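Once you scroll down, you'll see the structures, which are given as structure tokens.
Presented sequentially are two complexes of chain A, the first with chain B as partner and the second with chain C.
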Partner chain A sequence: MSKDSNSGNTIEIDREEANFHYDVNYKHDAGMGLSEDTLDYISNVKGEDQWIADFRKKALSVFHKKKMPTHWASEDLDSINFDEIRYYLSAGEAPKRSWDDVPDEMKETFERLGIPEKERSFLAGVEAQFDSEAAYSNVKDAVAEQGVIFVNSSEGLAEHADIFRKWFGKVIPTGDNKFSALNSAVFSGGSFIYVPPGVKVKHPLQAYFRINAEQFGQFERTLIIVDEGAELTYMEGCTAPKFETNTLHSAVVELVAMKDAKIQYITVQNWSANVFNLVTKRGLAHENAEVRWIDCNIGSRLTMKYPGVVMKGAGARGEVISIALANDGQHQDTGAKMIHAADNTTSNVVSKSISVGEGRSTYRGQVHIPKHLKGCKNNTECDALLINSKSRTDTYPAITVRGNKHSTQHEASVSQVSEEQIFYMKQRGLSEAEAMSLSVNGFVNDLVREFPMEYSVELKRLIDLEMEGSVG
Partner chain B sequence: MSSLEIKDLHASVNGIDILKGLTLSVPMGEVHAIMGPNGSGKSTLAKVMAGHQDYEVESGEVLLDGESLLGMEVDERAREGLFLAFQYPAEIPGVSNANFLRAARQARLPDGEEIDAVAFYQEMYEKMAQLGIDKKFTGRAVNEGFSGGEKKRNEVLQMMMLEPKYAVLDETDSGLDIDALKIVAQGVNAMRSGDRGFLVITHYQRLLEYIVPDHVHVLYEGRIIRSGPKELALELEEKGYDWLKEGELVKN
Partner chain C sequence: MLLEENPSVRSFLDSPEEAGEDLPDWYKNSRRDAWMTFQEIDWPKRSDEAWRFANLKKLSHENLYDAKEVECKDIDRLVASSLSLEENAGQIFFVNDRVIKSPSLDEEFSKKGVIFKPLSQALIEHSELVQNYFMTQDPCLGSAKYAALHRARLRNGFFFYVPDGVSLTVPVEVFHWVSGNSASIFPHSLIVAGSGSSAMVAEYVTSIDDEISFCCGVSDIHGEENSELIYLRAQNLSEEAQSIHLLSTRAGLNSKLKTFNLDLGCEWVRNESVSRLVGEGASSEILAVSVPEKSQEFDMRTLQLHEQPNTSSNLLYKNTLYDDSKTIFAGMIVVEDEAHHTDAYQTCRNLLMSDTCEANSMPGLEIKADQVKCSHGATSNPVSEDELFYLQTRGIKEPAARQLLTFGFVKEAVDRIGNDSLEEVVLGKLGRRFNRIGTR
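Then we have the complex of A and B:
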């Protein structure tokens, strides 16, 4: 009897698909632990300007000064041992423009993850990062000819210093939180994108962040600037093999949407259960611009991520649509930050979390509308689905709205997939995992419908895998 | 050998004995009715056969074409060919009827084989038409906000789509007006065949005018106390159950 997929798509299901790694001879290895030497090593390898080296060192001291946020967040953060992590690993080669030139083990990795295939079928460009550096980076000619820049952060710094420096660290200052400071100290990889005025990039640009090494931290830094009236969809995927030891992933992503620009940033991450995923993401929306985060968090041991939009120009719009799935032994601590800083700005937050078994979901939302503004709107909706009674879900919405010229709306719900529902579905011949998948997919369906088709297929597949895993 | 066979079944829920030595055989190709007063254990029997986790089987056997069902998972039993039309069908928010049926059909295919979507939809629409179900129904969530009658029709639609070897219909007539009852009965009758068996649980004789059974059994306090031809149903309608209860006492 078929117990595999009821998905109607043709991608083969293999729960262990991302759980593999290759032995790689890293040419550059900053070694275990974090000190000023580590930063010097990274700056040296990259041949960075002095101002960046200084920026890193300042960030390191901010990192040391900041307390672990365990007074409000999970105490599990204290299990991270910063001395037993390697902060920089690379093969010492520039990113390749052709897959044929990518070293074998890296090429095989990305082939197993289906990246080149996706690139051929629907992407405008791909950057594939392997541990600390991109192994491959390419943007289709037609897109490059429009003046779109899509490179890694080091290349962005070296080749496009003026525009990079103008926005770097401006949306998310080093001291925003302990992990943004850590990233600022040791960042490597990530994307730098610039879309010139009026250019509407038709197909998505994609980055894939792959962790291969054990006892390692990945700290990519992404900066995306979409100029006046331009439009971009960017997609990131992430995976890592499952190790006994902890892996750290701590990215900083800054988006800048100039007047009338639109950015849609889609994340579908599927971390293994040993990954601490502590990411800071924020967008700055100028007049009439739109920043939209679509954030799907599957896997990891602990994810803390609250994508935000600062609506700086009048009429700007911000949106966070998130789906978090916490399985046994996982904690998804996610949410959204909406900062209204101009009149007639609109924000929308829709968060759906699913907790399975001992999995735990937390929603933290922050909506800030100051008194001196008028005509601001926020809609916040968070729905939680619990599959079995051991699951836990918490909601901490903080909506500070001053003044009376605004409209806000907040809705929250918690629902259960009951044993009777599962029994009913099983009586029709569905396995427990299939029944749970169907319920979970049904729960997130109205959100997924808004995703580009390729990603909704991907997400559905990941949910199927995750449910299969949860019933063992 | 081809039969749905229940042998001396004892089952309890929360430590209370409900089925107390129930024996019954539905040969393939036949329709058997179970009648009995409220609380006699009719739904319990249906759920025990299907494998509901709340019910403890103390002893006895349930065999589907000679194969024991009791050791199997709920979904395995279903894929072996057992279908239960629930007295109170669950609501599944967010899952459309079409997706649900499609997943259930897909689950019956061998590994690597994909359902033929076009043929599936065509078949579903035909069967819906037979049952007088509106086309818009496919996009609605399974049973969510359905009237009692709509839920029962949906159970029958699912049965028609899944083509089980043995179907247990638990009070599928309740909540249906006479027109709906006729339509549902037509659906069931159209499925009657030499290679399918039915166990029709009902409280009223009315349903059995439209789905005429080969045999009628009376369930009382967890046991079959009387079996007979279809006329037994009429007798019950006239005389009530008390007449049999006395008989049961005598028998003991």
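Then we have the complex of A and C:
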């Protein structure tokens, strides 16, 4: 628990565990500001092919042309100063395959965050990104032998261009939005994963994103292709130290699930409260494939994230399960996008948000079912819990249905922890804080169960901690 | 033909006629200001969030003219041809925004100080009273330009004022007809229910012919403390017509307001409804039914604005979509900082009757207070196969069963009006519609 709580009745997040940073001797630093030179610098350091350099430059011009989406989104976006951000920072070394080879400062960082133990315990592979580049990347031999490729984006594009170039930028085109264009211009790091047909990766692959430097932008790019009948679970975690200045994290994540494939993508985002987290995530599901986004947003100053699934093949399924917690000074603007583009596709969105103190949580959703399809179904549920009288929550869904062979339903509710509930529990001998914590845990309980065990235990612990002294 | 046209043509995009000499100065100024405002504001654009999903091509207002004065030869036949209440407390009749028959009001109520008059007359006779309430509500759902247009060009409408403590147990009725090719009307409805009063109003907007026409109406309802009011508006303009209607209610302390919109006619309809709950304990019920067919597009935007604690609002919109029709529902519930203990509900249900219809739903919530109960729901579904099967096993043929279920679907909203005679009028109009659509 942090000591510098600024108001007695808000929840303090257990972000202290990640609140430290090291002075790292960066070999490559693209400097402040964004121009074609920045892109040249990145391409140079990475030794990229010409087509990638061209792709970056085209994206930069799209980025400049696009307006900030402040006509519908938070005006807080205008506080981002693109000239005062460093777009590329790295120690200039290739990712290490062995933990012992990782430079000490970085090793200490990840050890404090418990990455190596987690890997030993249950993961099939880990990639750890430190600012712009991966510091460590390892796939267990057994998984690699099945033909699974798990590398960072530079390596993926350089050495497996035949696999990745086909889908690179196809699910999320450069011009999708201003921040996807920015990412396309300056992307670095992120995971490239390929799972061959029929391979069911038993244990999750994990990526860990760490921002260490001040006034920095992290722009990882992830592309995951799961071939016919294959299955994969991928998890990512994010942390950063608390700085006075703002930090930008703008990722693009593209998932491709071929026929009958299944992808489960789990995020636990716990950025410090100075990070703008503006992320574009979308999956493409072919025939009978399934893409599930399981998303938990606890950190950041402003998160704007609407994971999407384009159901391109008949019988495809998309799902978004999300938990958001907005504390003082935070705005969790999350949601989901379900594009039905084939017959008999089904989608499900379940979103739960908790607003504490002056925190604000927002749900934005889009469901699109065009003409001439049949048998499409969508279910959307969003529930919001308000803890204090200054907390705020918004819901803005948009549902388009054409034709009478479909069925959609959307429901949202807003409530607070009822006084009767608290009273009842206090009567049974619980303290007010315990009662509050129990109620909030009950509210998210059915979603927490969707997370892998280690994560769900951690989530419950976080919520317990945060509920201390929050009754008001 | 029932009517005879007089010449005098003015496009509604030209500067409007000056207000009559005898009208009060504040009104003349308001009209002039409005015309300036109208010219300053841009037309809606595709990128306007308030116009999301709307097909702006449908809003071409070229070659539309201020409706001309027509001479009505057989008023009784006109009145008889429209479905209306069996019993009323008063009636006003307009064709093309001109009074065509002397208005009536039961003597019992006029003695108690009830005012029910054409607006043009009320502006002169009750200038101050009208000024207190005239266009005081902010058009915040995207149609500020149309609100200015209305204020600049309006010719008539009605003013209904119920003094403190007076109860009318029978509704008053207002009829608007529009006639002639490219005629535009700008009817204004101003309703004020004084403290502890209660009343009901039914208003019908109908085309006499099948011509293109345009209706840009504003209905403002003010419910003072402890008042109770029901307002019904039924629109059945021609299939070529365009209609934009801005409805706003202001519910004071412990008042109960209820509005019901029935939309049947028009090629393009945009309805904006703002319900402000400005007094503690106020409640507002917002109901609507529409049955679009062919290529009709009905665009409905609503706001339930809770400004005070212990207020409640309940919205139910039901649309039955046939053929290539399209509906847009964008609803928002806003609960302000201090409005604790608010109950707010919003439901939009679309029944999809064809393979090519399109239903867009954007139910929204913005909650800044706690101790609130809010929910919204939006569904889009075809007729349930199980229900059809059930009726068929009881010997009802499929087409008839389908019609029965459709009627049952909209009736849920109609039943909420809570007044038998008003419900009967609405059901009568819906019955005509469903019979004409038949078993499609």
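Everything below uses one rule, namely that the second predicted complex is superposed on the first by the 428 of 472 C-alpha atoms of A that agree within 3 Å, B and C clash if a C-alpha of one lies under 4 Å from a C-alpha of the other, contacts with A are read in each partner's own complex, and residues count from 1 in each chain.
By definition in this document, contacts are C-beta pairs under 8 Å (C-beta built on N, C-alpha and C of every residue); 3 or more make two chains touch, one makes a residue touch a chain.
Source: prediction; values computed, not measured.
K.L.:
One more residue to check, A:S439. First (chain B), second (chain C), both or neither?
P.N.:
So A:S439 only meets chain B here.
K.L.:
Classify the contacts of A:K371 with the two partner chains as first (chain B alone), second (chain C alone), both, or neither.
P.N.:
Only chain C is touched by A:K371; chain B is not.
K.L.:
Name the contact category of A:Q421: first (chain B only), second (chain C only), both, or neither.
P.N.:
Only chain B is touched by A:Q421; chain C is not.
K.L.:
Could you look at A:G429 and tell me whether it touches chain B, chain C, both or neither (first, second, both, neither)?
P.N.:
So A:G429 only meets chain B here.
K.L.:
Taking the superposition on A as described, I'd like to know which of chain B and chain C A:G147 touches: first, second, both or neither.
P.N.:
Touch partners of A:G147: none, neither chain B nor chain C.
K.L.:
Quick check on the superposed pair: does A:A398 touch chain B, chain C, both, or neither? Answer first, second, both or neither.
P.N.:
second
K.L.:
Hey, what residues of chain A end up touching chain B and chain C alike?
P.N.:
Touching chain B in the first complex and chain C in the second, residues 415 of chain A appear in both lists.
K.L.:
Under the definition above, what is the set of chain A residues touching chain C in their complex?
P.N.:
Residue positions touching the partner: 71-72, 371-372, 384, 386-416.
K.L.:
If you look only at chain A, which of its residues touch chain B in the complex?
P.N.:
Contact set of chain A toward chain B: 1-6, 8, 10, 415, 418-421, 423-432, 434, 438-439, 441-443, 445.
K.L.:
Can you check the complex and tell me which residues of chain B touch chain A?
P.N.:
Where chain B meets chain A, its residues are 50, 52-53, 73-76, 78-79, 83-84, 86, 89-96, 99-100, 102-104, 106-115, 117, 141, 158, 162.
K.L.:
Per the contact definition, I'd like the list of chain C residues that touch chain A in the complex.
P.N.:
Going through chain C, the ones touching chain A are 47, 49, 52-53, 337, 340, 350, 352-382.
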